[in-house]
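Labels run A, B, C, D and E following the written order; every chain starts at residue 1.
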Amino acid sequence: MDLQNILFYVFAALTLGCGALVIANPFSRNPVTSAMFLVLTIVSMAGLFVLLHAFFLAAVQILVYAGAVIVLFLFVISLLDLKAEATRRVKLFGLLAGVVAVGAILTIFLKNLGATLFSNDSKPMVEGGTSELGKVLFTNYVLPFEVVSVLLLVAMIGVILLSKKKLD
Amino acid sequence: MKLELLPWLVLFMPLAAAVFIALFTLRLRNVSSFISIGAIVAGFILTVVFINANGWQPTPGESVRQWLPVDGLNVEFGLRLDPLSLMMMLIVTGVGGAIHIYSRGYMHDDSGMARFFAKLSLFTFSMLGIVLANNFIQMFIFWELVGVSSYLLIGFWFEKPSAGDAAKKAFIVNRLGDFGFLLGILMVWGLLGSLNFSTLQGLISQNPAALGASATIAGLLVFCGAVGKSAQFPLHVWLPDAMEGPTPVSALIHAATMVAAGVYMLCRIFFLLNTPALEVVAYIGGFTALLAAVIAVQQDDIKRIIAYSTLSQLGYMVMSVGLHGQTPAMFHLTTHAFFKALLFLSAGSVIIALHHEQDIWKMGALRQKMPITFVTFLVGGLALSGIWPFAGFYSKDSILAQALSRHDFEGYLLFAVGVFVAGLTTFYIFRLFFVVFCGKEKSDTASHAHESPLVMTLPLIVLAVFSLIGGLIGVEGVYDRIFLAESVHSAGFIAALFGPFINAPLAASLGILAFFIGLGGAYALYAKADKDPLPEMLGGLATAMKNKFYFDEIYEATFVRAHDFVAAVADWFDRWIVEGFCIGLIRGGTDLTGRGLRFLQTGNLQTYAFLFVLGVAVALYFVLR
Amino acid sequence: MQVGLEHYLTVSFVLFALGLFGVIMRRNLLVIYMSLEMMLNAANLALVAFSRFNNKLDGQVLVFFIITVAAAEVSVGLALIVALYRRRRSAHVEDLTSLKF
Amino acid sequence: MNASLMTLEIWVIALGIVLMLADFFFGVTPQRKKALAYLGIAALAVMLLTLLGSDAPTGTAFNGAFVQDPLSIFFKRFFLVAAILVLFMTSEFSEKISTAVPEFYSLVIFALVGMLFAASSNDFAMLFVSIELITVTFYVLVSYQRGKLSSLEAGVKYLIIGALSSAFMVFGIALIWGTTGQINFTELAAVVPQFLTNKIFLAGVLFLLTGLGFKIAVVPFQIWAPDVYQGAPTPTTAFLAIGSKAAGFVLLLRVLFTAVPDVAHHWSTYLIVISGLTILYGNLCAIPQRNLKRLLGYSSIAHAGYLLLGVAALSANGQSAVMYYLAGYLFTIVAAFTVITLVMQHLDNEDVSALAGLNQRSPLLATTMTFAMVSLAGLPPLAGFFGKFLLLKAIIAEGPANYGYYYLAFVALAGIIISFYYYFGVIRAIYWSRETPDLSPIRLSGAAKFSIALCIAGMVWLGAFPNVVVNLADQAARALK
Amino acid sequence: MSILTHIFLCPLIAALVLLFVPRNYRVIIRFIALAGTFASMVLAIKMFWLFVPGASGFQFENRVPWVESLGISYHVGVDGLNVGLILMGAVVVFAAALCSWEIQTREKEFYILLLIMSGGILGAFASLDLFFFYFLHELALVPTFIMIGVWGRGERKNYATFQITLYLSIGALLALLGIIGLYVKSGANTFDIPQMIAYVKTNPMALHAQNFVFPLLLFGFGILVSLWPFHSWAPLGYGSAPSPTAMIHAGVLKKFGLYGLIRIALPLMPQAAQSWMSLLSWLCLGNILYVGWVAMRQRDLNLLIGNSSVAHMGFIFLGIASLNLIGVTGAVFIMVAHGFLAALTFALSGFIYQRTGTLQMVELGGLCRPLRFIGTALVMAAMAGCGLPGFANFVGEVTVFFGAWNRFPAVTVLAVWGGLVIGGIYMTRAVRTILHGPVPAKFAGLEDAGLWRKFPYALLLAGLLVFGFFPKLLTNQIEPDATKIISIYQQVPVAAANTGNSTLACVPVSNFKAAPRDFQAASIDNRRTAIENQ
């Protein structure tokens, strides 16, 4: 087993383990804990990205997600002071139903994944470097890129409108 | 004017009169009555003119317009002019005319006189239509119209509940008969493909087995119509009740014309009836004659007694048809028209004189106060009883003779019935006669009675004359022309006078014997009676007779109750099963589902997300299965 | 055993399922929102893995868009949650049931 | 590359920015705010007439990512008309928002941009970003009445379920692209037959459709709709019901019939079942409903089901029927919501009883509402009838291939009949309800009258002279092949 | 534009004009409504007069393409089947407008709806395009619901509205499915009825398609016509409806389904028709007998009339089911006759309700005395209702009986019982309780209809009587075109319809059920001529 494979398993385990802790931490139901584990998940996923040679995205992942999104979350959590509500009991039926539904999707999917053969004959060549990605982004994908700019504008307006304290 | 148009004119003048009165002169009593009387009298005259010009042609002449031609169903509107119909026309317009005139007096004080005459004219039109019809559908149409005009006339005093009920009853019972009639017509048409009487007759004479196996059924179904209209057992119940109408109506419809239509129809379609069917016809007629006569013995209403006598006499006629004796039947029909109209009108005269009192036990001793009525009634009674030389004698005798001439069990049995009924007839009519005209006054109104005006008595006299001589004026010969094409005997007056004794001595003598027995019985029991002695003598039987053998009750308990029951079930089913259960279930189910489904929408995001995921899971399962 | 596409996809999908589970089970809107982010990340992982094994960069570009859009969405969503909290003093889904049936 | 095809989009984006900025220069009086709306309307109308006239150019741009064909032109016209009508409604509604009105206008315009791009998108990247543009804009639009808890609650619900569906969609796109390696619809179609047995690919398509299903609110992704319809500001609800749904449909049509036509044929039975369930769910739940907007929410689910009939038919006739039906639905639903906006201006609840005595308060509004309900119920002579007629026709035509279509037709029938019950309930509330609490006449501005007249005209015109739109829809449907 | 267009546009234009008349100009509103309907009546009479019986094809035809891509065009025209219906419809509509004086509230809306209803249904009868045929009927149908809901009477009004709406909608939608199915399956790619028929002549529809579409049409139209057991809306609805609505609906609108069956279903799907007709014949007994019995139990005059009107539908169905010229002609005849009759009875009951405030029969009585004209008219209506000669109904019913006799003898027997006896019973009972007997004191002073008010009743009665006395006026027009429809059945392959196997082998005429009769009739005709020649 080469290093890459070992690293994959490490990162995968980290990703999934931390992911599980985000949603169901047996010790704490505090959203802050969840947020922190989400950071870990995202960072270990960035590791997986690196293993897949998507260097630029790994960086973006850490920058945008861990650096911005999660910070935003934490900011909001502290703003809202949600501690008091963190400990409500989960209903057994709800748990069961959730497990069944998600479990069903998971099982079906994994079963079919196992049954599907991917043609792996070509050696992976692609490198997700900044320049390669940039080239594609600004040639083939310039239009969605521009549309995303509108989206960001809308998000900006929206955030301002929604979070303005006074309803003037 | 073309001769062919005359019968059309006769037919439609009464209709025109009725429509004219209904539309324009409902408020003008006298004008209305003159229009109506004018129409029928003119009709009588025109008929006479036509017969004079045309003679009694035995071959049927037809005057035809197309009415409803659809594919194989070709309904014509045609007039069939043969001695049978021409004679009937004379009766309808003649006797009817007399009754119309009489009505002017009888209805003098009634506010609805114009309406009355309109209806009378409508009836005349319908009756003439039956008489002149040349095909089944046309006959059925007028058959129904006669039914409805009788309905209207019986219910003339509609504010009286009993009149309304009687009208309704008459209509429905007639409808029962018509039901069979129409089915019969359908059957005949289905088998032979034609509705025209002459065509049908031709087909049957060409091939007597044309009707095949269903011949008897078809014949009997058609006979049902006659049973209804001529009030034969078991549909006889409407006729006595129909006496709720004004007396001229009883005279016109329920004695002289409408009830005779059944017999007339039987003679008209005689060729359709095969032997088994005729047997049934004969027995039904005989039984009706007997039953009605028995019931008549214990009735107290002057008009009801006469009504039952009508039933009984109609039974004679039907029986006669059943015995292959159309001529005697029609002959009796003719004389019966005279004397029964006479009896009714005389009774009406009595009723008017007593201010609408109809109970015979409240009359009495009217002989002196109403001499003309007394005489005419006596003539009518004698004619009804069938004593020589009154008209009734000849016709009744010919029926009895017809029965005897059969020389079989059926003939003898019915002959016996006929003779017995003849005796009963004499008995009850003279019971009536003695109680009403003889004895002493049994109420105040009876003592203040006085004779009716001329407009009423004149028709009485005319009818009385015909009741006397009706048997001798050659009516029979006219009928023979069509029914027995070969032998048209034209005997002299004296031969005609004593003809029955020569031709069928047994029938004639037994008939006269029955008369005297009946007369004697009536005299012994009723000449001086204040109340009816018979109930004491007969006990329960008398009660049964008085109650008409409970036919009304039986019908009430069976036919009416059954229909009402089925109707109740249907209504219940409709209300609770169709409307309540089925619709209610669907509606309620939908509503409940809606209300229930709504609770999926708990408002809780978690539930929503769960349902969303569940939906994906299910979809995934099916898609990747 | 060589780590292949399947492995990455498995990880990706398990992560996706975890996020899904979080959305269903957690009551705190913020945590639900985090779970949603996790699901988006799972998709990102799948795209990147496919991109590598398909030898095409389009997947990575898509990931780029997804990250951007997700960031925008998060900002709007969090602003909304804050606004809600200001009104309702709660960020729990049970308290958001005035619209129902 | 043929970027000139995008002139319209560029102008609309510019318009959105102008409206947003205009606030600074225009002042804040309500009249001026209304004037802004009219400006936007006028601008959109001009664009509609000049840029999307009968000779609008067609073609593709950006490596086939952007396509301008009869289908997209049809939908672009549709979206523009919808935006115009919604802007009218918004201008009447502005009193209730009270704050940041110009931003509302510009957000409507930006949502319109998203829809316009959706109509033209021909690859997954465009699909994703345009749909997200619409969704994110609607997050804001739905929760715009921050003062009202219900608006915020609706916003949050829309947000969470929307994000959830986005996640599915993204994952779906990942799987599709991953298995096939194709991102462009047209190119994808060519390789789809090889992947029909690939379960991962199929799961991807399913996940993608999940995202679209959320937009058009079909069972089982319909659950958000009533709550959000009820809570959102009325113009938003209208835009959601018509614009967002139509965007979902145009993408659904493209994906199903341009990108993965073979899968669509493969799945006809599922489409049938889903369509039937949607119809039943929407109609059944609406029966006991008293809240007018919620009622229309349920009814919009039902209508999504009817529209799916046309999709499920998998035929050009069905697709053209979908488009015709949407056109009729546009005028109808906007008319209904306009009436609600005007009637409920000063009321907090939207109970059906608020319509009591409307025929005396304002005969015009009463007539409009009646027309809208009659058209929704699918009765002649209005647009809804002919639309349903076309849909049913499309369904029955496919009957011999799959008897499920016959059953579906009967289900649709049952749905239509159930719907009579509640639509007539609304009419009844207008004309003969017992309680008439308020009989003060409602004053209508000229603009409101104009927009109502436009809606009625649209309903009647589509119902009485469907020829033009039917031809356009046929043309558009042909473009899908 | 053809005269037909004018006939049905007159009321619609009047409705449009009314929209712009202020609501307090009551006289003007009434006048416009009357003018609109009167104009269409006059035109209809003119059309009936100009109509040439038996001319080939349709008359007064007008065709304008509407949606070319679907083959929908505005196409109107008359032949013998609908010429009488349009005449009857126009007369009834005018009478209904005259009778609308009883409406006191929201007159403007009422008249608008009435006019829409009138125009719609007249247009539907004139249409030769399936789409418009259906479309215009729906247009007429919707106002019915609203009118019952708003102007209806009785405490069960809401329930009645609910039921009639649901039932009729279900019926209409089933029929719509059928019509669409017809379009799709016939393959003619047109909604034009004559073209479809011509196309189907050469390319008959597949059997399974027929068996899918025909029951849809049969039951869809059947529900619209209150075919048993889908009848319960009718008495209830009519009982609650304001009388002009009941007049138009029961008189005219209801005929649409029957007309549709004859116009569309019979010529296009002969095999399916063959196999479904025996079922229909039994169902129609449900109407005639069962509903007749139900009618006997009614205590409310309107319910009784409603039920009897349902019962009459049975005769029409029987006529159609017999699938021969006589039966179908009779069915069309009753359709016209019953239109006049239903309108007349509902108008009369409306009058009585207006004057007495009740329709409970036990509370009424002896009304012939104070209401002479109305009483007489009601007696006549009742008599017409139980199939009395002189009124048009008789002609139709008898014709139907003759038509059905050879095909369904048992059914015909029961139908005759229902028509003659049960009909007689409930009609005379009603007359007895309402019109005969003593007058309750409170009704003694009732005022009879004035001259103007009498007019609609007289008009309708005249219609009944004219066609009752001169049926040829109508049958001559019906017959040639009914022949065209029925002629298919003379050479139709019966095969699969009866035996269930789907071979479309042409079975010779003699295998056809009705054929023996025709054969027999022909031979009888020969014999008859032979006799006459002798």
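The working rule: a residue touches a chain if its C-beta (ideal position, glycine included) is under 8 Å from a C-beta of that chain, and two chains touch if they have at least 3 such contacts.
Every value quoted in this text rests on a predicted model; they were computed, and no experiment measured them.
*Asks:* Chains in contact with chain B and with chain C: which ones?
*Replies:* A chain counts here if it touches both chain B and chain C, which gives A, D.
*Asks:* Of all chain pairs, which one counts the most C-beta contacts?
*Replies:* Max contact pairs: A-C.
*Asks:* I'd like the most central chain, judged by C-alpha centroids against the all-protein C-alpha centroid.
*Replies:* Of all chains shown, the one whose C-alpha centre lies nearest the global C-alpha mean is E.
*Asks:* Find the chain most remote from chain C, comparing centres computed as mean CA coordinates.
*Replies:* B
*Asks:* Compared with chain A, which chain's mean CA position is the farthest off?
*Replies:* The most distant chain relative to chain A turns out to be B.
*Asks:* Counting only Cα atoms for the centres, state how far chain A is from chain B in Å.
*Replies:* Using C-alpha averages as centres, the distance is 101 Å.
*Asks:* Taking the mean of the C-alpha atoms as each chain's centre, how many Å separate chain A from chain D?
*Replies:* From the centre of chain A to the centre of chain D is 31 Å.
*Asks:* Distance-wise, how many Å sit between the C-alpha centres of chain C and chain D, to the nearest whole number?
*Replies:* Chain C and chain D have C-alpha centres separated by 26 Å.
*Asks:* Counting only Cα atoms for the centres, state how far chain A is from chain C in Å.
*Replies:* 6
*Asks:* If I count partner chains per residue in chain C, which residues reach a count of at least 2?
*Replies:* 9, 19-20, 23-25, 27, 32-33, 44, 49, 53-54, 56, 58, 61, 65, 69, 72-73, 76, 80-81, 83, 94, 96, 98-100 - these are the residues of chain C that touch more than one other chain.
*Asks:* Spell out, as numbers or ranges, the residues of chain D touching 2 or more other chains.
*Replies:* 125, 128-129, 132, 136, 139-140, 143, 146, 156-157, 160, 164, 168, 179, 199-200, 203, 226-227
*Asks:* For chain E, jot down the residues that touch at least 2 other chains.
*Replies:* Correct list: 166.
*Asks:* Let me know each pair of chains that touch one another.
*Replies:* So the chains that touch one another pair up as A-B, A-C, A-D, B-C, B-D, B-E, C-D, D-E.
*Asks:* Give every residue of chain C touching chain D within the complex, in rising order.
*Replies:* Contacts found on chain C: 9, 16, 19, 23, 29, 32-33, 36, 39-40, 42-44, 46-47, 49-50, 53-54, 56, 58-59, 61-62, 65-66, 69, 72-73, 76-77, 80-81, 83-84, 87-88, 96, 98-100.
*Asks:* Please name which positions on chain B make contact with chain C in the complex.
*Replies:* Touching chain C from chain B are residues 598-599, 601-606, 609-610, 613.
*Asks:* With touch defined as at the start, can you tell me which chain D residues reach chain A in the complex?
*Replies:* 13, 20, 61-63, 65-66, 98-100, 103, 106-107, 110, 113-114, 117, 125-126, 128-130, 132-133, 136-137, 139-140, 143-144, 146-147, 179, 198-200, 203
*Asks:* Mind listing the chain B positions that touch chain A in their complex?
*Replies:* Within the complex, chain B contacts chain A at residues 606, 610, 613-614, 616-617, 620-621, 624.
*Asks:* Within the complex, which stretch of chain D touches chain C?
*Replies:* 124-125, 128-129, 132, 136, 139-140, 143, 146, 149-150, 152-157, 159-160, 163-164, 166-168, 170-171, 173-175, 177-179, 181, 183, 200, 226-227, 230-231, 294
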